[in-house]
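Have a look at this one before I ask anything.
Note that the chains are named A, B, C and D in the order they appear, and that numbering of residues resets to 1 at the start of each chain.
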Amino acid sequence: MKKIIATLILLVFTFYTYNTIKGFRFGHDFLNAKTNNKKISQKIEPAGKHYLENNKLENNASNVVTSIVVSYRGFDTLGEVTVLFLAATGLGVILTLTKKEDDDENENDSSEGEPSLIVKTASRILFPLIFIFGAYVFIHGHLTPGGGFQGGTIIASAYLMMFLSYSNFKINHSIFKSIESMSGLTFISIGLVGLIGFGIFLKLNLIPMGVFNTLFSAGLIPIVYIIVGFKVGSELTAVVDSYRENW
Amino acid sequence: MVLMLLQIFLLILMLIAAIFTVAYKDLMNSVIVSGFISLGASLLFYFLQAPDVALTEAAIGTGLTTYIFVVTIRKTERMEK
Amino acid sequence: MSWVETVYNYSYFVGAFGLIMIGLYAVMVKTNLIKILIGINLIDVGVNIFLVSLGYIKGKGAPIFSNASVTPANSIDPIPQALVLTAIVIGVAVTALSLSVIIKLYQHYKTLDISKIREMRW
Amino acid sequence: MVDYAILLIALPLFAAFLIPLVAMVNKNWPKYIPILVTAFNSVLSINLLLYLNAHNGTPFIVKIGGFIPPFGINLFIGYLAIILLMLISFVGLMISLYTINTVKDAESRYYMLFILLLMGVTGLVITGDLFNMFVFLEITSISAYSLTAYKRDGLSLEASMKYILIGSLASVFVLIGIGVIYYSTHTLNIADISNHINTVPKYIKMFSLSMLLIGLAIEAELFPVNGWVPDVYQASPTPVTTIFSSIVVKATIYVFFRVLFTVFRADLTVMNFVMGLGVITLLIGEISALKQVNIKRMLAYSSIGQVGLIVIAISSYSSMGVAGGIYQMINHAIFKGILFLGTAYMITSVSGTGKISDLKGIAQKMPISSFIVSFSIIALLGVPPLTGFWAKMMILSSVMSSGHQIIVALILFATVVEAVYYLKFIAVIYDSSEITNSFKSTIKFNKIVPIVLFALTIILFSVVPQFLVKFQDVLLKAANELTNVSSYISIVLGS
């Protein structure tokens, strides 16, 4: 019965969506298309085109996606970092507090699956390499694909590997918490510097813009992305760790 | 031409995998297959000229999400009754 | 235009909305909480593919100007990519939170079936 | 200029990130941070009100990152935003006063979530960008999920799970809607979208509109998708429930109508449809409240009913109706603040389980709180000359003049139903029999002070006529900000 109703709802939804989507043109070059609309007197320049053309002048970062994420829509990124922070905090509230209640049966679980020596040695060697790779990804976020979110996730997965191969691997919570807080505070402080100095929150061209397509370019964008990388890395590690602690 | 066929093939494969994900009674199978769907999506993002998104999806969707799902299943129960 | 291209033109939209439909079906029909969450994840993936495919322009490259051959005139729309980055991160945050609630729920009720948990009758 | 308005968001965020560090230094300090933050925000919003008064009441924008509006994110602040901001920071301040010393465990985490919930709502109210609105919606709902599950008993976990499932569906629908609207207008700025919305083919517009409306209706507790509300309200800690009922719903209703009016320039058909949803929400909420035995659940259904009333008022689209709706938002936030906090205070005194019958005869022991709660109920019901009456008059007259006599009759019917269960409640607390549960007299000033201050606000709104005249002017200007699309566009994009 439930299945029939669900199928009917989905059929209606499919029909409705089909009617809309069939007017869409996949891969159509809308950025450079001529508009034949005379109803509008104001500019109709697509925002994407504006970003592509003015990015070099305004942000000097080779990766336009990075300059949108960090600079043009930096406020969204601040919110996004907050969402991760919220998730880590909420997890802490829900998971870690009632530990003593019921870990009777789960105690045996972790000892039974101790990984072999090869796995342990390999992950000990790989850990710094993955860590450095993550750092590379977020330091070069304004030049190559990648950035704070990707690099932070890679660092978190390096820790995940250590958690998997050493069942008693512990991280120092207060250090991670401090990194998390400090990077968040630094992000907002960078924003506030712009507000105090120029009356503009999150103004990122405060320092010299450097030479296009080199590591030292794009003003504060790489610095903000490094901060985001630290924050995302520590937050996701905290998330993974609070899942593991509950074993 | 080959690329187009490859993408179409990948999308069909993902849809079939999605149906399997929903149909499996063993939750562990569903989770692993849904991890493969994320991996496929990451490839598609690469074909759509979105390397940033591809990297994120590969790291988050395939790696972390699958891990926390697996932990949850081990903490709870494996079979869907 | 060959038939391959015709199919290709619709393949992304069909694939994305196919994933969304399958996910919605799982959310509506399944009673296992983890299954429902997997369904929501499928919907997320579908929406992300849909959004990125809206920004794609045939024959143009990624909006990364490291290479001198890429110019603003021949790169695709970068905004949907930035949006999807945000959406993916928000998605993993919600997933992590809800899985932790599921673990705690299981410890209370020893079941993952929403039809057996007292208040959860929809 | 007024670029410091961004501090409304930046400062709470800063404080939330600071709390873990403060908690490492001294465990007792974090509980004062929410008070400081909300007090600062109250001062800031009053300051912005004065600024606006000094500049003919023209709304202003704040550019973030220094990019001109269609390309950067901007904030839009006018009378409407400031009214909601003052409401958010005032209610937030009262609740942070109330919360001191009531949180048992994970204190610093609780305060972080609390501040971020308020920050998310603040962002929803002032942002001028569609995707940024989505991000703030997620911040609001994720902190709400965690706070709902805060007690970690079966009930709150279930409620939180329900909320998470339906909330993630809402965000998916909103995201699809934003994607489609972006594809057809190539912009995300609300004013810019509104500028181009008439060039979008009608079927695409309708699709995107319906996606966004489904998503936002879930958050705004409208009829077909509000099944989660009573559970969440019942299960969360009372201060959090108060925030949900007084603030979060108001902000999401604002966003709902901002999208409807400004982004899509909705026509009469859509408006009538939304008004119909409002009527059903009102009736179902009030009638379900009749048979509840749990106080928080009763108040939750009453809250749903009030949402219906506000939606009816604003969707009438006349300036008087919208002004009445905004007035009702303010009133309802204050009334529900008193009702939730006051009844929770009474229940903790008798160590009850939350049933209405637990409070039998409580007025003999707690005369002040009982009096204030009854007073706010009377004001909520719309007895003249209290403030609830004026708001209801404005709503009824505007609905009447738009020619929906049946809806007027239905609103009056719902008011009667509302009167029945609220008067029954007053009868219970003024019952002459002795209270059954053990009564533990605990006079806590930090709990009484917020309730008394809320009551003083009601009196202020009710009896100072000079204030009322000027206030009505402000309300009409706020209504104009919501309905006048062309002035919104010209303020954001320049002429």
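Throughout what follows, a residue touches a chain if its C-beta (ideal position, glycine included) is under 8 Å from a C-beta of that chain, and two chains touch if they have at least 3 such contacts.
These numbers were taken from a predicted model, which means no experiment stands behind them.
Asks: Please state whether A-B or A-C has more C-beta contact pairs across its interface.
Replies: By the number of C-beta pairs in contact, the winner is A-C.
Asks: Could you work out how far the Cα centre of subunit A sits from that of subunit B, in whole Å?
Replies: Centre-to-centre distance between subunit A and subunit B: 19 Å.
Asks: When the C-alpha atoms of subunit B and subunit D are each averaged to a single point, how far apart are the two points in Å?
Replies: Here the centre of subunit D sits 39 Å away from the centre of subunit B.
Asks: So how far apart, in whole Å, are subunit A and subunit C when each is placed at the average of its C-alpha atoms?
Replies: 16
Asks: Averaging only over C-alpha atoms, locate the centres of subunit B and subunit C and give their separation in whole Å.
Replies: Each chain reduced to its C-alpha mean, subunit B and subunit C end up 10 Å apart.
Asks: What are the residue numbers in subunit A that touch two or more other chains?
Replies: 17, 24, 30, 46-48, 51, 63, 65, 73, 76, 80, 83, 86-87, 90, 94, 98, 145, 149, 239, 243, 246
Asks: Please set out, as single numbers or ranges, the residues of subunit D touching at least two other chains.
Replies: Subunit D, residues with two or more chain partners: 131, 135, 138, 142, 145-146, 149, 152, 183, 186, 188.
Asks: Among the residues of subunit B, which are close enough to touch at least two other chains?
Replies: If we look for residues of subunit B contacting two or more partner chains, we find 50-52, 56, 60, 64, 68, 71-72, 75.
Asks: What chain-chain pairs meet the touch criterion?
Replies: Between chains, contact exists in these pairs: A-B, A-C, A-D, B-C, C-D.
Asks: State the interface residues of subunit C toward subunit B in the complex, per the touch definition above.
Replies: Residues of subunit C touching subunit B: 2, 4-5, 7-8, 11-12, 14-15, 18-19, 22-23, 25-26, 30, 32, 34-35, 37-39, 41-42, 45, 48-49, 52-53, 55-56, 60-64, 75-76, 81, 84-85, 88-89, 92, 95-96, 99, 102-103, 106, 112-113.
Asks: Would you pull the subunit B residues touching subunit C in the complex into a rising list?
Replies: 1, 4-5, 7-8, 11-12, 14-15, 18-19, 21-22, 27, 30-31, 34, 37-38, 41, 44-45, 48-53, 56-57, 60-61, 64-65, 68-69, 71-73, 75-77, 80-81
Asks: Which of the residues in subunit A end up touching subunit D in this complex?
Replies: Residues of subunit A touching subunit D: 16-17, 19-20, 23-24, 30, 37, 39-40, 42, 44, 46-48, 50-51, 58, 71-76, 78-80, 82-83, 85-87, 89-90, 92-94, 97-98, 174, 177-178, 180-182, 184-185, 188, 191-192, 194-195, 198-204.
Asks: Can you name the residues of subunit D that touch subunit C in the complex?
Replies: Interface residues on subunit D, with respect to subunit C: 131, 135, 138, 142, 145-146, 149, 152-155, 157-162, 164-165, 167-169, 171-172, 175-176, 178-179, 182-183, 186, 188, 227, 231.
Asks: For a test of understanding, state which residues of subunit D touch subunit A in their complex under the given definition.
Replies: Residue positions touching the partner: 1, 3-4, 6-7, 10, 13-14, 16-21, 24, 62-67, 70-73, 105-106, 109-110, 112-113, 116, 119, 123, 131-132, 135-136, 138-139, 142-143, 145-146, 149-150, 152, 180, 183, 186-189, 192, 195-196, 198-199, 201, 203-204, 207, 493.
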